[in-house]
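The structures come next, written out as structure tokens.
You will see two complexes here that share chain A, one where it goes with chain B and one where it goes with chain C.
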Partner chain A sequence: MSIRRFALAALAGLSLSAAVQAQTSLLNVSYDPTRELYQEYNAAFNKHWQAQGHEPVTIQQSHGGSGKQARAVIDGLKADVVTLALAGDIDELNKLGKLIPEDWQKRLPQASTPYTSTIVFLVRKGNPKQIKDWDDLVKPGVEVITPNPKTSGGARWNFLAAWAYAQQKYGSDDKAQAFVEQLYKNVPVLDTGARGSTITFVNNHIGDVLLAWENEAFLALKEQGGDQFEIVAPSLSILAEPPVAVVDKNVDKKGTRELANAYLNYLYSEEGQRIAAKNFYRPRSEKVAAEFAKQFPALKLVTIDKDFGGWKSAQPKFFNDGGVFDQIYQAK
Partner chain B sequence: MSTVTLAAISAARRGHALGRTLLIAAAWLAFALLLLLPLYIVLSEALKQGLGTFFTALIEPDALSALKLTLIAVAISVPLNVVFGLAAAWCVSKYEFRGKSLLVTLIDLPFSVSPVIAGLIYVLLFGAQGFFGPWLQDRDIQIIFAVPGIVLATVFVTVPFVARELIPLMQEQGSQEEEAARLLGASGWQMFWHVTLPNIKWGLIYGVVLCTARAMGEFGAVSVVSGHIRGVTNTLPLHVEILYNEYNHVAAFSVASLLLALALCILLLKQWSESRLTRLKSNAAEE
Partner chain C sequence: MSRRTSPVIPGFGLTLGYTLVYLSLLVLIPLGAMFAHAAQLSWAQFWAIVSAPRVVAALQLSFTTALFAALLNGIVGTLLAWVLVRYRFPGRKIIDAMIDLPFALPTAVAGIALTALYAPAGLVGQWAQALGFKIAYTPLGITLALTFVTLPFVVRTLQPVLEDIPREVEEAAACLGAKPWQVFRYVLVPAVLPAWLTGFALAFARGIGEYGSVIFIAGNMPMKTEILPLLIMVKLDQYDYRGATSIGVLMLVVSFVLLLLINLLQRRIEKR
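The block that comes next holds the complex of A and B.
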């Protein structure tokens, strides 16, 4: 009997009801902008799961900056599955926590990434500062909103997209570093997660441009009405690949492996793909992608594996202690 | 007295009255801007779409579970703090021992430590990578990212409230009455129930009220150890943040106004116990 159950039972008289969960439950620890996606997906999966003759399940959600969430799972948050913003954060579960095997990314199709996204700009209606491309972000007087790459996965994609643009345009790592340094000088606040940054830009009216996940930008348009903001697609961006994984150590302990596998596999089904697309994630399935083709502008995209040698080399180079981000942000 | 000095005095008095009015006006203005305006905004945002949506947000399962968890945290941390506060105040006021001033200083530690640090302490102690982590994992005991962690963090940040109220009160009262009770043959418990407790009753209630308010409202420390699982490890303040981050402003402010209503109840209790406490003190001074 866990302490938690014991505490709950002891409190039966005091609390309204000492509900001990009777149903099987599954905890999905995810990053910031997927709240709406998984709300819809969880309901659909539950229906599918029951149609296959299983008991209904309680699917619990936890959201936050991707790096912060990975940290929590390593520190003992009992996630059955993680659906984080980038492979680098899931790698940490292997390196620091020994919770998953090293080759976790090979276990599901498409490098365990059932949907993708990219980084776009969200600007205020009419684009008053005429922000068209990355070069406009380093101009003096332009305030750029992006979260902290130390805690947020989206922020790391933002950083790398800016880097890739500068490197291709100016031709060297040194010049790219000077470019992103200039860019981060224009950032007035670094929130810990993507959603925090969106709220800063959309509700608190701070900044001229938000560097956002494409799905997060579309959602802001949908929630706030299209009359306040516009999406600007830069000339070059990055293919953002937010992967998913079953946390072996936790599912083995809880006996939920079959359920956790089914949960992630169903993301690749036609229904799963359609829900992803409806929530503005780019689906992997060609059929569903064709249905939603109008929604997603065709962009020139670099990828983490081809252009940065994968997260295993990008993470230490750019974001670990003493990496490029520390150098440019301390220089501020 | 010459007319010159009289005029000077009345001018000074007028200046004095003007200064008084200005000060009071400034105090009211600050009060209105800093307290009433936010109150008004919370309520008006909560009721923006009518009472129906307001109540729907409150009886939604995740909100109820957050309310339940908050009440559980309060129900465990407040009694613990009463016991601890009484014990600490008793030690400090009735006994002389080495390290007494150190103990008094340490009781205040949670006031000076940032709540985030308080939360991280528990992650470092009980987290999977932490000091007790492997031992706990082997026994399948979950402390952080579960209810016990939330209760622990709440206890930590609220520790000083009861002790801080009781120590000066008990020091002021001295131990003559207890000594008299002892001489008349009272047992330890009898002395405590019939002499000490009635003397410190109002101070204790005041401490409990403050402690409850803080336990319900704590955000930082609880946020670190919560894991933010909807419907499981979210307290009311955390639930407000989640709703706000999900563009669900009406629900966020509805739940916030629930917290506010609880806080107002506590404020009334505080006012009441405080007035009893000052009356008690002035009575004691007259005697």
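The block that comes next holds the complex of A and C.
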């Protein structure tokens, strides 16, 4: 056990550019698509922190699949804060790692989620298959690209959004299951992560529609110049909540609690919210949201806590071994 | 441990000790930790994990694609080695150096490049599409990726052996009346077969465990194109360390048995 931890910690440590030092440095372990967001935010936070009369801090970033990042922290990566794709992954820091208290999500406003996103459709220019809503995804001949929910946090949001739509429209769990089964029959490739799916759709020209994080869809549009793809917002989607948390055990050992708290709290400030919105994350602050109202279409959104009873019940029901996702593929 | 011939490298004790420490740190302890971890499960639990339909399907897929890739390299790789050793032509050194590229290239890069090429919209993939079959996202694509990654093994193990067979041996056989196919069958094959088997076994073993290059071209459809290493990643993403190590143990045991069989076969051939 300890050997495995040591080996994993050493590996994780190697992937960081520099050694982690106490006091004036902070390590933020995050998931894949937040790279650009935190690059901008770290600079802004540093300015704010120094304006309050503190020494400048070195903020280090580590990015990767949300689950893998959580495991690295559990196995000994000394993260001061984690900013991951799902609360379910941070829950494991409590359950498996005993690094944070069970009620971690109550410590910051809005269930510790300073910004949100949602799931939208990215279609090819002109929308040749006329994809407008979830119902169009189960039609024969439509190819849907989405990663494997067993290995990708983003894909779990995709799955749940489709489920919520079908359940509200057709009224029962059984019908919802039949709907997602039909949908996944139209999926020709299950990549392991969101980036892989984007490559499949954008570069390899596979599929008619990509189910994507809204921020990733905007980013793809920005990078491709907007003449190849269009974003389609379905009638109903899910409020994707990527939460943040201070890793108590690590900050207490390193004496960085004050800094780590300030770092996360500043995400809720007007400037932090604006940076999130500029990077295509939906801000929580109503004032900033109003400024960016044009960018984010108003959508009917279900939430993981209200509609699925939180990750603690959604994860085992849908995604663990033997869950709904496995049943879809093992029916045959 | 006779010391009649004085060894070039210092004594047996020192070298064996070094070997053991080295092997322990790099191989035995990590693998032992894996077995220890899986051993926390009862036999029934372990069996339930490794006999699940998806695991069995992935096991079959991983081993058959690795086998075909190794066979393909066994044939084409032999040809490559033969050409490189026996003929002198412009650009030979460059081709010779290119053989090692699959080792140097990050496997993910190889996977993405191969997928782009062989996907239905890709340069080669569209021809396959026109002929009515798919390469990427099928077991064929997986075999292709594995063939690429394991290409150097057969070539590099055969080259020195082929170089050691002087041309005169073939000529002598021919002078004694052997037809070309007899020269091949009775002179060349016995000489290179042990090395060929080594290269084949290396390629096969590497193919079973390969993850990075396959994951992009496989399509990862459960029961159809899901490789065994992917199932390990899936288990890890569920924080199911025991499930993951169980599949790891399964892979190790099956691989070990197969490699052992290949080694035994090799010894029988060498004795003849």
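The rule is simple: the second predicted complex is superposed on the first by the 306 of 332 C-alpha atoms of A that agree within 3 Å, B and C clash if a C-alpha of one lies under 4 Å from a C-alpha of the other, contacts with A are read in each partner's own complex, and residues count from 1 in each chain.
Going forward, a contact is a pair of C-beta atoms (placed from the backbone, for glycine too) under 8 Å apart; a residue touches a chain by one contact, two chains touch by 3 or more.
In this text the structure is predicted, and so the values were computed from the model without any measurement.
In the overlay built on the shared chain, the residue A:199 is in contact with chain B and with chain C. Once chain A of one complex is fitted onto chain A of the other, the partner contacts of A:124 are absent, as it touches neither chain B nor chain C. With both structures placed on the common chain, the touch criterion links A:330 to chain C but leaves chain B unconnected. By the touch criterion defined above, A:78 reaches chain B but does not reach chain C. In the superposed pair of complexes, A:96 makes contact with chain B and with chain C alike.
In the superposed model, A:148 makes contact with chain C only, not with chain B.
When the shared chain is aligned, no partner comes close enough to touch A:156: not chain B, not chain C. Within the superposed three-chain model, A:284 lies out of touch with both chain B and chain C [touch as defined at top]. By the touch criterion stated above, A:321 is placed in contact with chain C alone, chain B being left untouched. Overlap of the chain B and chain C interfaces on chain A: residues 3-4, 7, 96, 196, 199.
Only residues 2-4, 7-8, 11, 14-16, 27, 29, 32, 35-36, 60-64, 72, 74-78, 96-97, 195-196, 199, 223-224, 253 of chain A touch chain B when the two sit together in their complex.
Looking at the complex, you find that chain C touches chain A at residues 29-30, 33, 37, 52-54, 112, 115-116, 119-122, 136-137, 215-216, 219-223, 230, 233-240, 243.
Chain A meets chain C in the complex at residues 1, 3-4, 7, 65, 67-68, 71, 92, 96, 148, 150-151, 188-192, 196, 199-200, 203-206, 319-321, 326, 329-330, 332.
For chain B in complex with chain A, the residues that touch the partner chain are 64, 68, 71-72, 75-76, 123, 126-130, 133, 137, 140-148, 151, 227-232, 242, 244-247.
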